[in-house]
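Chain lettering (A, B, C and D) follows the sequence in which the chains are written, and residue indices restart at 1 in each chain.
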Amino acid sequence: MTNFQPVEAAVTLSVIWIGLGAIGLACMRAPKLITGVVFPAGALVSLALAATGLWAIGASPSSAILPAGLPDLPFHVRVDALSGFFLLLLGGVSFGISLFACGYFRDTRATTLAPLSLQYHVFLASMALVLIADDAYLFMVTWESMALSSYFLVTTEHHDERNRRAGFIYLLIAHLGAISILLCFGVLHGGHGDYTFAALRAADLHGFWATVAFLLAFFGFGAKAGMLPLHVWLPEAHPAAPSPVSALMSGVMIKTAIYGMVRVIFDLIGNIRWEWGLTVLLFGAATSLFGVLFALMQHDLKRLLAYHSVENIGIILIGIGLAMVFIGSGHPVAGALGLIAGLYHTLNHAVFKGLLFLGAGAILKSTGLRNLNEMGGLIRYLPHTALYFLIGALAISALPPLNGFVSEWLTFQASLQAPQLASSVVRSLVPIVAAVLALSGALTGMCFVKVYGIAFLGQRRHEYSVQPDEASGWERAGMLWLAIACFALGLAPVFVIGELNTVCLALTGAGLSDEAMASGWLWLAPTSGAQASYSPVVFLLVIAAVFGLTFVLVRHFYHGRLRRADPWDCGFPAQTSRMQDSADAFGQPIRQIFAPAFLIKREIPRADDLQPVFTQSVEDRHWYSMYLPIARFTEFLSGHFGRLQQGRISVYLLFSFMTLIALLVFAQ
Amino acid sequence: MELMFVLGVPFAGGIMLGFWGHRHFAPELNSGMSLLTFLAAAGLTARVIADGPVLVWDGNFFVDSFNVFLVALTAFVAFTTSLFSRPYMRIELAHGRLTPNRLRLYHSMYQMFSFTMLLALLTNNVGVLWVAMEAATLTTVLLVSLYRTPASLEAAWKYFILCGVGLAQALFGTILLYFAAEKVLGPGGTALLWTQLNEVKGGLEPTVLGLAFVFLLVGYGTKVGLAPLHNWLPDAHAEGPTPISAVLSGLLLNVALYAVVRAKVLVDGALGTHFAGNLMMGFGLLSVVVAAFLLSRQKDIKRLFAYSSIEHMGLMTFAFGMGGALATFAGLLHMTVHSLTKSAIFFTVGHAAQKSGTQIMADIRGLIGSNPTIGWGLMIGSLAILGMPPFGVFASEFMILTAAMHQQPWATPFLLVALGVAFAAIFGKVQPMVFGEPSAKRLPHRPALVPVFVHLAIVLLLGLYIPPYLAGWYRQAAQLIG
Amino acid sequence: MNLPFYAQLINLCAALLLLLAFAMLTQRRILSLINLFALQGMVLVASTLVISYSTDQSHLYYSALLTFVLKVLLLPWILHRLIRALKVRWDVETVINIPATMLIGIVLVIFAFNLAAPISEIAGTVTKSTLGIATACILLAFLMMITRRKAVSQVIGFLAMENGLLFAATSATYGMPLVVELGIALDVLVGTLIFGVFFFHIRETFESLDIHHLEKLKER
Amino acid sequence: MNVAGGIVFQVLQSVLVLLLAPLMLGWVNQCRAWLQNRSGAGIWQPYRVLHKLFHKDAVLAHNASPLFRATPYILFGCMWLAVGIVPVLATSLPFAPAADVIALVGLFALARVFVSLAGMDVGTSFGTLGARREMMIGFLAEPAMLMTLFTASLISHSTSLATIVETLGQREFVIYPSMAFAAIAFLMVLLAENARIPIDNPSTHLELTMIHEAMVLEYSARHLALIEWAASLKLTAYITIGIAIFVPWGIAQAGDWAALPVALAALLLKLLAAGAGLALLETLSAKMRIFRAPEFLGTAFLLATLGMLTHFLLER
């Protein structure tokens, strides 16, 4: 096994995944086998894939050619540092999720479970193959198979009409995106039927066509990533799927879109222009703010998490946009910082969003609830889940010393490189985008205070039909894995950044400055120690130390006596759980402050109403301002085309007569 | 030798079934004949692959890599369709929509139909090609009107009149072609032999050929179903028996397109311009767009897929018109995968319609619950026809789109919009039929779903791996067409 | 003009054909429509004979014979039988009124002539100038099919178109190869038979041969 | 620099600020009392309060979760870490690189989130109300705060407070107009973040106007004591950050014993001035409606942005 390359490993593992899926389908009779063997095995494969990815980041690019594909175009596969990083992401996150799935799907009907396990593993495999594809055709094939398998996963509960609708919208937007990606490849390739990425790289476009390619790629991958205004499928589709699948989609799948964007824009198109970067930056900012605002309006836990995926995609795009702006205007080092920030956040979001969706799944499984307004006090029933969910919530709220904070911090650092830029407009625009990032970060904090406070804390808002019981061992193991990852990525950023730096070097040829690496593993200093530094370990240690110290000292100097009583609440006598904020009530300040952003529909009872009911719904303007008009326009057009087909044979004859005459005139 | 079988077997089959077509063993006989035809075609193919193009019977028949693969495809799909039609027609008989006499007519005409198509493909004589096309029209008219319902009569009548008139134009085109050719080749039979024409195409009179192509395009284009000459197509597909819809979409349109392409080769050769190609591109694009927008208005499931056929024929016409090795290759591949996929879809559609006793999509629901194989067949087939990887349709669309992006960028926005709209329309209608709460009744005979999955398997294979000899064919054919 | 005599004959036939085409375009009554059709066939035969005699193309005799049997005897006979059986002797009402049709017809003829002009230049046959007329006949027949409301008259239009084609073939190129001629003839015959069958079915389904019954299949 | 000296300075500063913080609170209250012609409770009052609270038995609601009990300690830890990082006495302390200004903001956010969660834990109406309002103020204040800090760090090309102080304080004196904007913005943020008038009233217990107090209603005894202490620490931390950025003169180098007395004196003076000023502000202005807060902090954000723009326009 001397010349065994990462690429062989990756291909083999994907094939194993597909094989496992097939086995799962075969085990229609023995569902126990599926959850007890197939899924754990899949989890092991994930782990192996993560290892492969880690290996590949260090190793030199390795490529291979598979004996399949189009006649002139066998499938090319290649694993370089970038693919390696994303393989690591895929493997690491899907490991936890698959573990969780082993427990989660235990009491699913066999008829559902068998096809589900097939789709699930094909989904994983196609994501892996997307990451290692090295020619346009294989990329498109795997890309669409990814969409397809996930579509079937989304419509697992196809008896619910809403799920079908969600799946439809999802597949439609995914397909449109795919076509535009395809056209982007069409622009890139020089017409000489050679679709290998090497050839596309060699094409080396400039000017108009380069911009066309960029826009097509941006649209296509943006549609998959859930970027504004193409996000509408995301909050529909992710909640519809079974929770582990939601975790996969939000955690990993939309990251493949980020991978595609980076691969195509940085690697294939090359010679980036800062105007493109600005576009990405502004879209990213808008997306992140919009996403979090709508997340705050939700009371369905999984929808809320889905909207947060939109927000985080925005943050990632900000990082990538910064990188493009800097590289485009000739500051590769600052660009590297931005790119690293973006990729780091990609990894972080994968981890904590996976964790949060798993937590939501655990709640859903034990209580059958998705609506926050019916939860409350779950921390007493699901202590472990509560702990893991808390970690995830702190991480996504970008709070030190967890991982979410590191990447946002890096993004801020990158945006503070703005003074290097030439154009004063961009120079002052970049920090404002950073402020938007800060705003959405703080709003995320608020949102997760709401989620955690309402779901896990407080008093339960209604009697649970069954006594909610804690998640099973498999599920807890899955969540634990991701929770540990949250801490690890938060506490040891220097190592991660070291890896990312190699990725960045391999991709753009520029990396961080040397003194950035110089300041040791404890101090994270992306540019130089003097400029900015951050040490999560010190954070954690000091806070823990102070915690312990105060605890001990208070008991030493005074006492630790404690007694329990009813809540005081300013001495109000009657305490019912309905006096707590509901999820919607908690979002009320946002609704009031950012009213223009929402489409609010209220029904206020009349004064003489006997049973006054107040209902309010917040909807997405994009439906009404963008999608419905397009649909109506299509209807209108097809109505006119329908005139062609109006039944009278004389008219049909007239058509062909006219065509004939017209052509004859044309021919003369 | 094989060639004699290829043509002789279906002809004999037509006559035999003309006598016994109503007997209980008739469906098996039908399939058997089709099987023999297919075997003969396979043999022919093998020989052509082995030792190149063949001219037989003093040049009246000509087999090159372009038509031989169409012959093989035609024979194959005709065979699988006959397999499908066995239970299908029995069920129709049981549901009382047919009388034994009609069944006899059906079987006999089925064989005759495949005979005429094979003749059209194999003949080297442009005039005989026309005759065969006309004959194919006549046979299918009888098949479309098989149920004798008002709707089917109307459909058949429109089909007859429109295609008859169209083919009359084609005949005039042929006459003009002959008129031009005889200047070079002298009067007599040889002046209509395509091989001869192809050799001297440089010397043919451009003005005449220009006009000739206009007539030929309008004529055979009507049969291909190019907008705005397509109006007969949805009616004929919707009202005929489903096996016939399958072969119409899967084969007849291909054959008509084959005729157009043969003409294009001559004309562009003679004019030395891209006149024919441009016309084809224009018609192709128009058809794609029109069909895509009409898709969303359909209520009848067979009409829906008829329009989708128009869309795909438009795509192929566009590809062939665009020309160039890549696009032509893609066009040929698309021909193959489209006929396989579309016929497979019609198989499932036929059984689905029988199961729920209607062709109205709003009343077909939850197939996956009532009959998983039909449901999955329809779902997978639709996804394949919509150009979802890893199916072969995607492979060809991939090549067509990228080639278009390179050669004719102006066309790509139309294609993008059209494909998007078509996807929304078809998938939005198929999904609720497949998923959801079932509504269906039992069938008196077991549905034949083997053909469906055979076709889909081949299409899947073609999406992931195109066998070298097949690729070889396509390449030779592409060189032939240019 | 010093054309040889037979050429003048052929031109005469051509003129007659065009005249007949116009006559059919304007003719209201089906019965006389059929007679006109038969007459047209007759003229066609005559012209074919003249050509074949003048340029001793032996195979044209067969084609003339074929045309005679088919277009002059068989088809008119079948059509007569049909309308007697179907009792459709009533007048044909057209979609657009006759004068307008005539005007359009004139325009078409002019169009057809200068369409055929460049081709006639290069035609080597003695009958070059007739190609334009043939084209005109085809287009007029097409127009007739568009304007007529009755299934029967549409069919007659279709057959008239075939006549025009045949005339074009014979006059421009001294006829197609015999195989093709036979094939065409066969198709026409079978086609007409099928038409006949159809008439009965349409008749028994819709109690009339008026094609406005055949307008059910359409979008929306 | 010598590590030992650094560590000594670190410990010295941390302990000093920890002890001084309640005094600061007392001083502000005393000033307010004087300004309102009351004879206040004296500047040592906060210490008495803390002592008393520590003596009491803690009372916990039945359904209070572990998180509720852990929060005061976490809060206290965060605040103490904050004051340990800010260069109050001296720059380049060993802890200083542990966090730059952005990380400090993150630290405060962490504290805020925990307090709000604790407020929602028992599930009373006021607790959730307080949490909601606190988070609202928080997300409004944070961007403004960051913009202010960006302005400062754009001048010194660094976000680490130590470097900022060295750039602004220990080089030759330059007038930065942008800093003026930034200073006002920072002051507004400070008021909002520390629950002072006009956003919140620390000394009120009128239910409907409470923000910060509403969250900690359920706390008692030592927990409450820690929270109060942490609050005073937070106030001190903000003031010292302000000092470090806007009036950094006199802050010593770590281990530089000679400069220590000067630094101490300067610090005390600045704190006294700041406290008095704060009291004056609070006396002169009235508490505003909760939904005026967005305008208030929006203004702060606007000013900070203006500061940054002026920096880009004038100071390059």
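To be clear about the criterion, a residue touches a chain if its C-beta (ideal position, glycine included) is under 8 Å from a C-beta of that chain, and two chains touch if they have at least 3 such contacts.
Note that the coordinates shown come from a computational prediction; the quantities given were computed from them, not determined experimentally.
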item: Pair joined by more contacting C-beta pairs (A-D or A-B); value: A-D
item: Distance from subunit D to subunit A - Cα centre to Cα centre, in angstrom; value: 36
item: Inter-centroid spacing, subunit B versus subunit A (mean Cα positions, whole Å); value: 44
item: Between subunit D and subunit B, distance of the C-alpha-averaged centres to the nearest whole Å; value: 79
item: Length of the line joining the C-alpha centres of subunit A and subunit C, rounded to whole Å; value: 70
item: Contacts with two or more other chains, residues of subunit C listed in rising order; value: 115, 142, 145, 154, 211, 214-217, 219-220
item: Contacts with two or more other chains, residues of subunit D listed in rising order; value: none
item: Per-residue overlap in subunit B, given as positions that touch at least 2 other chains; value: 157-158, 161, 165, 211, 234, 294, 297
item: Chain-to-chain touches, reported pairwise for every pair that qualifies; value: A-B, A-C, A-D, B-C
item: Interface residues, subunit A side, partner subunit B - complex; value: 67-71, 136-137, 140-145, 148, 155, 158-159, 161, 164, 167-168, 171-172, 175-176, 179-180, 182-183, 185-187, 189-191, 193, 195, 634-635, 637-639, 641-642, 644-645, 649, 652-653, 655-656, 659-660, 663-664, 666-667
item: Complex contact set, residues of subunit C against subunit A; value: 95, 111, 115, 142-143, 145-147, 149, 154, 211-212, 214-220
item: Complex interface listing, subunit D residues touching subunit A; value: 54-55, 57-65, 67, 70, 73-74, 76-78, 80-81, 84, 95, 97-100, 102-103, 105-107, 109-110, 112-113, 116-117, 119-129, 131-133, 135-136, 138-140, 142-143, 146-147, 150, 153-154, 157-160, 163, 205, 207, 217-218, 222, 226, 291, 294, 301, 305, 308-309, 312-313, 316
item: Residues of subunit C defined as touching subunit B within the complex; value: 57, 115, 118-119, 122-124, 135, 138, 142, 145, 151, 154, 158, 161-162, 165, 168-169, 172-174, 176-177, 179-180, 183-184, 186-187, 190-191, 194-195, 198, 201-202, 205-206, 211, 213-217, 219-220
item: Residue ranges of subunit A touching subunit D (in the complex, touch as defined); value: 376-377, 379-380, 390, 394, 397-400, 405, 409, 412-413, 416, 418-419, 424, 427-428, 431-432, 434-436, 438-439, 441-443, 445-446, 448-450, 452-454, 457-459, 519, 523, 525, 529-535, 538-539, 542-547, 550-551, 554, 557-559, 561-570, 572, 575, 577, 579-581, 585-586, 588-590, 592-593
